[in-house]
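Sharing a structure below in structure tokens format, with a few things to ask.
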Amino acid sequence: MNFDPSILTTHAGEIGDAFLVTVKTWLLGSALGLIVGLALALLIRSLGRWARLPLLALSELIRGTPFLVICFILYYGGPSIGIDLNAIFAGIVCIGFYSSVYFAEIFRSGFNAVPRGQLEAAECLGLGRWQLLVRIELPQMLVIILPALTNLLTVLCKETAILSIITVPELTAVLGGIGTRTFSFAETLVALCLAYLLLVELTARVGNWLERRVGGYLN
Amino acid sequence: MSQSPTTPQARFPAIRLDQVGKRFGDHQVLEGIDLEVAHSEVVCLIGPSGSGKSTLLRCMAFLEHYDQGEIYIEGALIGWEIDDQGRRRRASNRRLRQSRSNLGMVFQQFNLWPHMTALGNVSEALKRVKGLSRLDAERRGRQALERVGLLDKADAHPARLSGGQQQRVAIARALAMEPKIMLFDEPTSALDPELVGEVLAVMKRLASEGMTMVVVTHEMGFAARMADTLVFLDHGRIIARGAPAQVFGEEAPPRVRQFLQDYLERNALLIDANTEAPGAMPSSISAGDGAAAATKGMF
Amino acid sequence: MFDWTSFVHSLPLLGQALLVTLKASLAGNLFGFLIAIPVTALRLSSRPLARTLGASYIFVFRGVPLLVQLLVIYYLLPTTGLPNLSPMTAAVLALSLCSGAYIAEILRGGFLAIPPGQIEAARLLGIGAATTLVRIELPQAVRLTLPSLVNELVLLIKASALISVVGLADLSRVAQNLAASDYLFFQHYLVLALAYCLINLPLTFSGRLLERHLARSQYRAAE
């Protein structure tokens, strides 16, 4: 086995594009999931005990299903019920759809972690529902859930590799393709591992840094 | 209640409760509560734990939804609307906010918002509810902090403050909104004993300035000296009310006397253990000899 | 909408595929646990080098997507002159290595929750370090982290959907084949999702029950 890194430099353009696709599907998908997840958490909270059951059940079902299968349903199953997406957009939707229930779960526990009395105090002072949410609940719960959010982001970063199976031209698809074409598995796969380790580590560091910055008031 | 000073122009009592009741499932927490609080009156709600006194106070701010009777704050029914058929319906959020604007609430657990500074806590509602500019809100916020003696802590986050300081900020937060009535829910129960005094001092000042106050408290000395009216609750009913000398005096019902005696013994034991003060022995209080005198002696 | 004939015909195939999925993920979980014990020991060692070794293992196998790990094992290992692995061996190897890293992180929390006095007591009685680890610490760490371990098993069963890339006819692959043969994509993939939920949801719920039970008994112990 020989190791020839030049295979990477000759395909640098292709690999760079793929890296951007990975980052794009990851971050845009996560942003989508975050927004939908927050809306879902707020919706579930506003519903009565029985009215929320269907949503909770659906959320359990999605969390019991592998990401790959979610991708199959949305990408291959979609056209059969009239939804047709280009691969990158489909990748973003897949990540967003899948992560929304996990985000919602994190937000739900975050809401529960803000002491009830603080909200009563705000109510007594006349703050409205929206002000309560934006000024009292969200700032505090974001600090509380930051570690969980960081963790979910790293998980989603790795999940983007699975998008290669539904033909999204991201890192795993492109580097895997180069490897198969040129039989230089060692170079491409090592580069692939390093790229993901880099992204995951970077996310963890940014998360840690944020935790230190915003959590200062707690001590 | 007759001895409390009443402003002549006030057409309503500050608070009026008419046959208020509340159930939690099968449990009747409050039953048939009638009570009037005049302007500038200080009413202390006392009684054993689980007697419903905190629930009653929280009903006055509609933090608990009372399901029988009526509570009027400054003449207006709080929390409910009665329609033509006499059915009750939740009042709109706007109306509830309006009723609550007469009230300032202070909680046992302070309930400060930990992500804001002391000044941030105090000026938040001035900005968002009263619509003051940031500058005006902060100016009024500082005034409120000054009233509780904490102007120098304006920029500190709650985690940096002692329990007593946190509670004083919480009082300032409520005062800044210029309520007509202040409700205190066991304001010193979560505090270390050495921090109780500073909070009580602020409350005494408020009372002497003529603030209408309803206080749920375990501090019998404070209640005996500060209250115009004491209200003793047991099992969700008022079983004694009147001036402290009356409620703590010889005419006190046996249940009240028992409660006081238990209270004195607990505290006497504490004092005994700490200082061996001979005067505080429970045996020195005979049931007939006016527990109020003994309470005063203790504080 | 729903083609029942196709569904009934697919059942025997799905049944066999279910066995492949279960076999791979359960074996992966078991070996992952066995890998996790020494990794945790390294991670908690007093020697810096050992700690770095343990941390590096966890960093790599948690940081690289399982799909990429599978590709490395299936495509790269044969080129190094090692004997060819059967698809099942490759799959179980990848799942074990990966879950080993996750389980090690879980166990670490469990080990740290054990009062150090107990270990000192064992040492004073002359029990060796390895015996203390296996007989005194491990059972408690597992008990404390059981809900997380159950959760990890669920994650691994879901992750096993990827083993089809090394050529195994697991649930996902069989559903793909079925969909390709009669173009009922939506139906087959929905059934596939439900099949995973059928295994995972009972596990998830029992994990939550365990967690509640554990929280209660710890509360009692603290009183």
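First chain written, first letter: the chains are A, B and C, and each begins at residue 1.
The criterion applied here is as follows: contacts are C-beta pairs under 8 Å (C-beta built on N, C-alpha and C of every residue); 3 or more make two chains touch, one makes a residue touch a chain.
Here the structure is a predicted model, which means the values were calculated and not measured.
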| item | value |
| --- | --- |
| Chain contact graph, described as a line, ring, star, complete graph or other shape | line |
| Distance-to-centre winner among chains (Cα means, whole assembly as reference) | A |
| Chain A and chain C: spacing of chain centres that average the CA atoms, whole Å | 21 |
| Centre-to-centre distance between chain B and chain A (centres being mean Cα positions), rounded to whole Å | 48 |
| Distance from chain C to chain B - Cα centre to Cα centre, in angstrom | 56 |
| Set of chain B residues in contact with two or more other chains | none |
| Sites on chain C touched by chain A in the complex | 59-60, 62-68, 71-72, 75-76, 79-81, 154, 158-162, 165, 172, 175-176, 179, 183-186, 189-190, 192-194, 196-197, 200-201, 204 |
| Of all residues in chain A, those that touch chain C in their complex | 1, 60-61, 63-70, 72-73, 76-81, 154, 158-162, 164-165, 172, 176, 179-180, 185-186, 189, 192-193, 196-197, 200-201 |
| Parts of chain B lying in touch with chain A, wherever the complex brings them together | 61, 63, 93, 97, 100-101, 103-105, 107, 109, 111-115, 124-125, 128-129, 157, 159, 170, 173-174, 177 |
| Touch list for chain A against partner chain B, complex | 115, 117-118, 120-129, 131, 135-136, 139-140, 143, 217-219 |
